[in-house]
Each structure stands twice: as C-alpha cells, then as structure tokens.
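Both of the next two complexes hold chain A, though its partner changes from chain B to chain C.
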Partner chain A sequence: MSLLEIKDLTIHFPTEEGDVRAVNGISLSVEEGKTLGLVGETGAGKTTTALGILRLVPEPGEIENGSIVYKGKDILSMQEKEVQDIRGNEISMIFQDPMTALNPVMTVGDQVAEVILRHQNCSKTEAQKRMVDILAKVGIGADRAGDYPHQFSGGMKQRVVIATALACNPKLLLADEPTTALDVTIQAQVMEMINELKAEFQTSMILITHDLGIVAESCDSVAIMYAGQIVEYGSLEDIFDHTTHPYTIGLFGSIPSLEKKVHRLQPISGLMPDPVNLPTGCCFHPRCPYADERCAQEAPAAAEVSPGHLCRCHYWETVRGKEAEDNV
Partner chain B sequence: MLKYILRRLLMIIPVLLGAIIVVFTINYFSTTDPAMVKLGLSASDPVKLEAMRETMGLNRPYIVQLGEYLWNLLHGNLGDSYVYSKTVWELLGNRIPNTLRIGLGAMVISVCVGIPLGLVAALHQNSALDYITTAIAVFMNAMPGFLVAVLLMIVFGLKLQWLPTSGADSAKSFILPIIAAGIGPICQDARMTRSSVLEVIRQDYVRTARAKGIAEGKVITRHVLKNSLIPILTMVGSGLGTCLAGSILVEMIFNIPGMGMLINSSIMSKDFITVQGCVVICAIVVALANLLTDLAYAFVDPRIMAQYTGGNKKKKKAEEAA
Partner chain C sequence: MSDTLLEVKDLCKYYKTPKGALHAVEGVNFSIREGRTLGVVGESGCGKSTLGWTVMNLHESTGGSIFFQGEDVTHPTKAQKKVIHKSIQMIFQDPFSSLDPRKCVSDLIAEPMKVMKITRGKKETEQRVAELMDTVGLARRYAFAYPHELDGGRRQRIGIARALSVEPRFIVCDEPVSALDVSIQAQILNLLQDLQEERGLTYMFITHNLSVVKHISHDILVMYLGCQVEKCECEELFRHPLHPYTKGLLSAIPIPSIHVDRKRIVMSGEVTSPINPKPGCRFAARCPYADERCRSELPQVEEILPDHFCACHKVRELNEL
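The block that comes next holds the complex of A and B.
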C-alpha cells in the first residue's frame, strides 16, 4: 500500500468572477521512502494540491471532491484535531518563499522548538536540545537560535524552514519549490541537504518544482501538471526517456540540452489558460501542435502507455511515433 | 536601549519648546491685557493699570518675557493666575488627577474592549457578527462625544438612577465620564485591530504556523496578535491625546473639576496664563505618551529594536568571542 494515495482531488475557489478551477480531479500516489516530482508551470495547481493534502487550502477554496488517503485513512474525512496532529508531525511542508514563511517577531529557535513541543511529548529543555540538533543538521549554529528571521539571509531562512519541517521526522515531506526563491549557488546546496536529510530520516517527498533538472536528480516518479490536471504520470525513466504527452515534450523543448545541438529553444507558444475559463475538451489543445477538432470537443482520458505510465492525450501514439522519428 | 531612551527624551525638548513658544506667542499678541484681567473692575484707573503692568513685567520686550517664562517653567513654576490669587500650579495640582483618571480610564477601556471586539470581527470576517460590530463601531465613532455623554446621563443617571451624573465625589462618579470619553477610542481601536489582524492573518508565516499543527487559538495569540500590534499601539498611543482633548467636553458635561474645566473657565475669564499652563502640561503628557508608544514598538518588534540598538549586540558578541 502506498503511503499517500490521492484520488480525483478537485479544489475550486468560488469567486465573484466565477469558479477558479485550480485542481481538477488529480490522482497520484507516493510510496514509502520515494520522491514524487510534481512539475508544471506557475498556476498549474501544484501548491494548491500540496495545501489540499494538509487541508490548508486558503479561503474561499473548497475541496469539492476526491479522497486523500494517508496510511489507510482519508484526511478529508478526519476531525480538525486529527489533521492538526498530522500537520508538522507526519506530513510537513517546506514553503516556497522563505522570506515570508517565518514569523518576524519570534526567534528562529522558538519557531523550530514550537513544532517539537507541539508533537513530541517532551519537556521544554528537551525540545530546546532537539531544536539545537536539528538546526545543526541544516548548518545553523546553536548561537544563532536566539536570532530573529530578519538577521538571516534568504538561504539561511530556507534552512530554518527546512529544519522546522523536518523537526518531527515526518513520514511525508511536501517541498513546494524549495529552491525557487534562492540564488543558483545556494539552490544546489539546499537540494543536496534536503536529499541527505530525506535519506537519513527515510522520508517520502512530494517535490513541487518547475525545474526538470532538479526532478532528474531527486525524483523516483514524476507527475506533470497542467491547468489543474495531471497530463502525464510515470516513473522518472518513463517521463524523461519515453516522453509522450505534447506538453511534456514542450517542457523539455524549452530547456537547453547538453547533448543535442539546438539553434533555438522551442518554448511552448501561448499562455497557461485562465482557471476561471478553462478550454473545452483537452485543456492543452489551444497550445498543442498536434491538436484537432476532437481535442477541442472531448477531454482525453488517461491512457496507459506502459504499466504505470499514464498520459492524457487522444493522440499519444502519433505523438510518440513522431518524437521517435525526430530523435533518430 | 538605554542610550536610545535618553536620546528620545532629549528629542522631546525641542517639541515641548516649540509648543510652549507657540502658546506663549499667541497669548502675548492677543488683544487681552493681562494687567486689565488681573485688576478687574479697578482697571479703569490708568495709573493703577500702568503700575500693574510694570509689576507684572509686561512692559519688557517679548523675548525677555519669553525667557523669563521658560526659566520659571524650568523650575516648575507655571506663573501666577491673573484671576485667582493662586499660582497656576496650585490651580492645576488637584485637577490633573481627575483628568488623568478620565483619560487613562478611557484608554484602558478602549484597549480592553476595542481590541477584543476588533479581533472577533476579524476572525469572523464577512459574518453577521463582523458586520454588526463594524456598523456599531462606525456609528458610535461618528456620534459626537457630547451626545453620547448626555444620552448616558439620561439613561444611567436620570432614568435608572444607577450612577451619579455630576461631580467627582466617588469612584462611581467617574464611570459615566470614562465611558463617554472612551467610546470614540473604543471604536477606533476596534476598527484598527480588525484591519490589522486581517492583514496579518493572510501572511505566509501564519500558514506556516498552521502547517506545524498548531491549534487555531494558539496561532492567533502567538503568531497573529503580536504581529498586528504595531498599528494598534500607534492608535492607542495617540488615543491619549484624543482622550485629553475630549476631557474638556466630558468634564464640563459631568461637572468634574479637572483640567478641561479649568481650561474652559480660564478662557472664559481671560485667565490666559492658566490656559498656557494647561497646554504645557498636556504637551508634556502627549510627548511622554508618544515616547512610550515608540518604546513599546521595540518590545513588540525585534526589527525595530535592532534599529534602536544599532548592532550593539553584534559588537558585544564579537567582543565576547575575542
């Protein structure tokens, strides 16, 4: 059994301008000790999905449908108290922007110790000791525990955020673009640290990112998200070596390759659709080079390309064939 | 920190000096002749008037008189009343406590009632509770203080006969005046708290706190409230000035012998030296209240504290290390 199994998760934000359809029936699963990469452009619904797992979707968002089964229990049908016991303890989240994720009027030590005191039945002195330990693990000395967030650089703040997330040895870590707000030089360090700690604690992880490079380094399986749907889902090899969905192909086309000589990068033309007015049929059809009338009318079901490799495209076989030709 | 407090105390001096000079100058150039006020009916005798002007030192140049006033002030002497044969300080002495009771009382109830009301409204944003609280706050804030005072008197003094409507004889006498003076600040504090809490509650770090599994009540007290305190503190701090100004009206309505009453009667009898003394006292109180507000910021927000201490802590650490 998987550690986390999401089925048909749908999250909408009813607003005056209409329903913002952020997440539209996604299904995925995370195995124990494995990492799932959740990849997509800004606005694809990645963060909302992660917040949905913790039941922290901001107002006026609503989880309309679906189930999130963690260790055999549906988080969505739990009491608020039960969810609170899970948050920060069994499932914890690393937030995207370390600059704003820390309380400016509380020392970083207190912020880390807070989560330990909340979940680990221990005394204050014991919590202090563990706080110092976990800060040391992310490379922050004990002398800095009494400092406030404004005394830290961005990279150091992200370390504090990671320490907070890992303080209770969670089973599942939701890392929401943990390196996006950081300098390139720091990015590698932080990713390396997350992977080391993850291995040490045997933690599973959902890594939200738009950086395919990071995915290749750290993930076991990958879900490509577009307009609130998972358009392609499979193991790392499936996605990287047997790319099938036109959107995924587009993503790879937008990054420079070391192996192939390319004159110009080929970005995906057009923009992400407005989640209030999603296109009919396949959401990707207005930007898809393979689209025809059928794509505009009929939403594609998830086709099984190979065992465990799913792709939401009517013409995945054609696309696959064309790609294979091009690569020869 | 101590250095900062001292520096801020020094900075109060020019503010007070400015206030004193303005009041003194207005008084000096007013058409009222203090000697005439002092002599009263016998001022019709020009010889007596001239003699009085000479003894009061009114014939000396402006700058000399100002200098003398400041010099006396420095020694705690606010001058002699034109009307009563008392010093201004004697007149003020037993009135200041009454005014401070009303002013501070109003401030305390505005904090104790206004902040919780605003918090409740913010936590139930867009609910009936929120709309009702906000509507009442806007309505009461717009209502003139004297009207509130008179209504309170009619209801609790005349109809119900629970509380005295005038005088300062017992602690009970202060209840209605404090409520009357506090209604405006309560509403302002409530509205400020509501908007400030709403701003903070959407911050990422509040979401982080929730993601740590902290119960909602603790998220509010530990993470939201402290961060939303700065604008509320500003409001409360400046509220003392408002309360003092409001006390003139409230004291007159409730017939309480306080500074407000004194200011009013002194203006009526053209006893401007007493008015001047009252204004100076008010200026000192407001300046001190502002200083306290600024210091309170530092205790709430470590970033402001860091500005004040100016990296002293780091230097100290380095020294310790060495």
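The block that comes next holds the complex of A and C.
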C-alpha cells in the first residue's frame, strides 16, 4: 500500500472576481522511501497541493473535493486535533523561502526544540539534546544554536528549516522548492544533504520544483502539473525518455542545454492561463501546437501510455509518433 | 583589436561600510568586440551586478579605467556622459520593481526618448513606441495598460523596449530572465538573440544561471567575490575549465537528463565576507587545493592557454600544463 494516496483533490479560492481554480482534480501516490517530483511553473498549483496535504490551505481557499489518504486514513475527514498531531511530526514541510519561514525573534535552537517539545513526549533537557543532534546532522554546530536567523546566511537558514522539518523523523517530507533561493554550489550541498538524510531515515518525499535537473537527480517518479492538473505522470524514465505530453516536451525545449549546442530554444508560445478563467476543454490547448477543435471542447481524460505512465492528451499517440520521428 | 567596443582595465569598485571597505569589484579586465556577448557568471554577492553598474557609469569606479570605442570614459565629462547613456543601456533584473507603477506602457517606453530628446513631437514618439512594441512582441492593445496588469514576461519586454528606444549599441543585461518561468525565459532569450542578429547589438549578460549563459554568450567571465577567476571563449570554458572554482560550479549544475553520469565536486563552506578581505586568493577558504601561498598572496590573472585567462597559483600543476 502507498504511504500517501491523493484522489481527485480539488482546491478552489472563491474571490470577488470568481473562483480561482488552483487545483483541479489531481490524483497521485507516494510509496514508502520514494521521492515524487511535482514539476510545474508559477501558478500551476504545486504549493497549494502541498498545503492541502497538511490542511493548511490559506483563506479563502477550500478543499472542495477528493481524498488524501495517509496510512489508510483520510486526512480530510480527521479532527483538527488529529491533523495537528501529524503536522510537523509525521508529515512535515520544508518551505521555499528560508528568509521568511523562520521566526526572527526566536533563536534557531529554540525553533527546532519547539517542534520536538510539541510532538515528542519528552523533557526540556531531552528536547535540547535532540535539537543539538539534529542541528549537527544538517551541519550546524551546537555553538550556533543560540543565534538568531539574521545571523545566518541563506544556505545556513535553509539548513535550519530542514532541521525543523526533520526534527521528529517524519515519514513524509514535503519539500517546496527547497533550493530555489540558493546559489548553485549551496544548492548542491543542500540537495546532497536532503538525499542523505532521506536515505538514513527512510523518509518519503514530495519534491516540488520547476528545475528538471534537480528532478533527474533526486526523484523516482514525476508528476508534471499545468493549470491545476497533472498532465503527465510516470517514472523518471517515462518522463525523461518517453516524454509524451506536448507541455512536457515544451518544458524540455525551453531549457538551454549544457550538452548540445542549439541555436534557438523551442519555447512554448503564449502564457499560463488565468486560474479564474481557465480555457474550455484541455487547459493547454491555446498554447499547444497539436490542438484542434476537439481539444477546445472536450477535456482529455488521463490515458495510460504504458503501465504507470499517464498522459492527459487526446492525441498522445500522434505526439509520440512525431517526437520519435524528430529524434531520428 | 580595432572593433573592440568596450574595454575595461583593472577596474575596482569599493564601497565604504561602517566595518571597512567592501571590495565589490577588484581588478577586473575584459574587452568586448562589437556584436558579441560577454557572459558574466558568479554567485550572489560576487560583484557581477556592481560590475555592470560601474561599466554603465551609474556608480563611479574606485580604480582602473573604462574605454568605450577607444575613448577613456572612466571619469566622463558632461558631453561624454550624454554619449555613454545613449550608447549603453541596461535591462534590469526585476521587471516588478524597475518600472514606474504609475506610468502606462506607452509612456514607459517613450520616457527615455523624451529625456534624450530623440523624437520630435507627439506623433513621431507615438509611432516609435508602436514600432518598438512590435519589435519586442508586445501587442499594441497593451499600450495603455499599467505594469501591474501585466505578467513578468511582458514586463520584461517593456524593459527591453525601453532599453532599445534610444538605439544603443551596447546593452548591459542584468539577470534579465532570472525572475521568469522557464517557458517565458526561453521566449525572452530568443528575442534578445534576434535583436542582436538584426541590429548588431553588443551585450554584457550578467547571470548566475550557467545554462543560460552558455546558450547566449560568446565569451564568459567567471567572478568570485569581486575577482575575476577565469575568462575565455564559451565552448572552451565548458570543455576545459581550469580554475577549481569554475570546475566546482560547473559540476554543481543539475542536468535535466537521466543518462548523465558524472562526478560531482561538492564545494564545502560558503562565500566569505567581501569586507576587508584577507590578502590571499578569495577562494582559498573553500578550495580543496589551497596551500600557504594561496592564503597569503592574491593570484594574478594570467593567460594560461591562448585566449584563456585564469587567476590561480596552482592552475598549471592542477591541470598538468
């Protein structure tokens, strides 16, 4: 059985201008000890999905539909108290921006110890001891536990955020763009650390990112999100070697390559749709080179390209054939 | 060379801070030929933006000299300033904060032309604005829209149109695509390349993104804490990086393919402070090969291979040259 199974999750934000349809019926599952990459551009609904799992969707957002089954129990039908016991304990989150995720008037040691005191039945001294251990794991010496966040650099702050998330040995880690705010050399250090700790504690992870390079290095399976839907879903190999959805192809075409010399990039034309006013039919059709009448009217269901590899496109077979031709 | 557009010699820029002098740029040398792109790469705080600002004369340099079209413009006269600001333009990093929120698109694009007195009369200005909007791919229906109504990609197009409006020869692009999503980033990169081909523009392209810099540049300058560590032709840098920092930087980039098998050199430690730096090589604290000499003496930039410059005491030993 999967550790986490999401079915038909729909999250909307009712506003004066209409419903912001951030997440529209996504289904995914995370296996024990594995990493799922959630990839997409700004506004695709990645972060909202993660917040939904923790039941932390900000006002006026509402989870309209779906189920989030964690270890056989639906998080959405739990009492608030139960969710609080899971949050930060069994499921924890690494936030994107380490500059704003920490409390500026609390020492980093206290922030890490706070989580331990809340969830683990232990004394203050015991919590202090564990706090020092976990800080050492992320490479911060005990002498810095009394420092405040502003005394740390960006990379060090992100380590503190990670320490807070790992303080109670979570079963599932939601990492929301954990390295986007960091420089590449620091990013390499942090990713290596996350992967080591993950292996050590047998933690599962949902890694939210827009960087396909990071996905290639750290994930086991990948979900590509566009306008609140998962448009392509499969193993690392399915997505990187047998790319099928036109949007995923466009994403790969947009990244300048370090290996090959291409004179011009092949970007996706147009812009992300407005989530208040999503296009009819397939959300991607206004930007898709393969789109026709049918795409504008009828939303495609997820087709199974090969076992476990899903793709939401009416014409995936055509796209597939065309791609194979181009690669020859 | 005769077609050198911009040349910078031993450029230094220090800022005064309460704790001492902040060495933002230290002894940088480069020249850019007409119609080429020089990529400037480095991590945050390495002085790449300061370098751009100093070249544009928005900040006065502390030492060294800048030559534009063979003329010394380090301390420009009023007349020279006028020429520089017309010939050198800048595209800023953040399309959200670099545009006046109270001006509409057509006013924003017309502003530099009015200031520089390029167009005469309202009609001519309007026509130029319309032309520029076509050039950068902004639909004319946005002429009276305000920046907050537009997304990052379109805002960045306004920034480009503003820079182009005075018909410059040289554009300093300061992280023009870092704030954009990949699909939009690719559109803007293609636009910049097209403009260069059509108009023979020269770019100085400042970024921290190595795959972007590889895609767009002819030559690359790698900076670390204000110092130039390596400079050479683009392909050469990716094929034979010489400096230990460049090697580490290149190996740190995650590659979007599952068939690449490579050894990552993880650099330990973090960037040290640029305020009153220690006398040695700036990279010594993080360099796995550093010895006594590296910690006491700042290495000079040397031409190690033809057209390949590097500042490292141990470069020959490490690369078996």
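As a convention for this text, the second predicted complex is superposed on the first by the 324 of 328 C-alpha atoms of A that agree within 3 Å, B and C clash if a C-alpha of one lies under 4 Å from a C-alpha of the other, contacts with A are read in each partner's own complex, and residues count from 1 in each chain.
One rule holds for everything that comes next: a contact is a pair of C-beta atoms (placed from the backbone, for glycine too) under 8 Å apart; a residue touches a chain by one contact, two chains touch by 3 or more.
Fair warning: this is a prediction, and the values are worked out from it, not measured in the lab.
Of the two partner chains, neither chain B nor chain C is touched by A:282. In the superposed model, A:115 makes contact with chain B only, not with chain C. By the touch criterion stated above, A:224 is placed in contact with neither chain B nor chain C.
When both complexes are overlaid on chain A, the residue A:88 reaches chain B alone and has no touch with chain C.
When the shared chain is aligned, chain C comes close enough to touch A:211, but chain B does not.
By the touch criterion stated above, A:249 is placed in contact with neither chain B nor chain C. Of the two partner chains, chain B is the only one that A:102 touches; chain C does not reach it. Between chain B and chain C, more residues of chain A are touched by C.
After overlaying the two complexes on the shared chain, residue contacts for A:23 are found with neither chain B nor chain C. Looking at the shared chain after the overlay, A:148 reaches chain B, while chain C stays out of its contact range. Once the two complexes are overlaid on chain A, none of the chain A residues touched by chain B in the first is touched by chain C in the second. Of all the residues in chain A, the ones that touch chain C in their complex are 41-42, 153-156, 183-189, 191-192, 210-217, 236-237, 240-241, 250-259, 261-262, 264-269, 271-272. Within the complex formed with chain B, the chain A residues making contact are 54, 56, 58, 84-89, 92-93, 95, 97, 100-107, 114-115, 118-119, 143, 148, 150-151, 161, 164.
Touching chain A in their complex are the following residues of chain B: 202-205, 207-215, 222-223, 226-227, 300-303, 306, 317.
Only residues 43-44, 151, 153, 181-187, 189-190, 193, 208, 210-212, 214-216, 235, 238, 248-249, 251-258, 260, 264, 266-268, 270-271 of chain C touch chain A when the two sit together in their complex.
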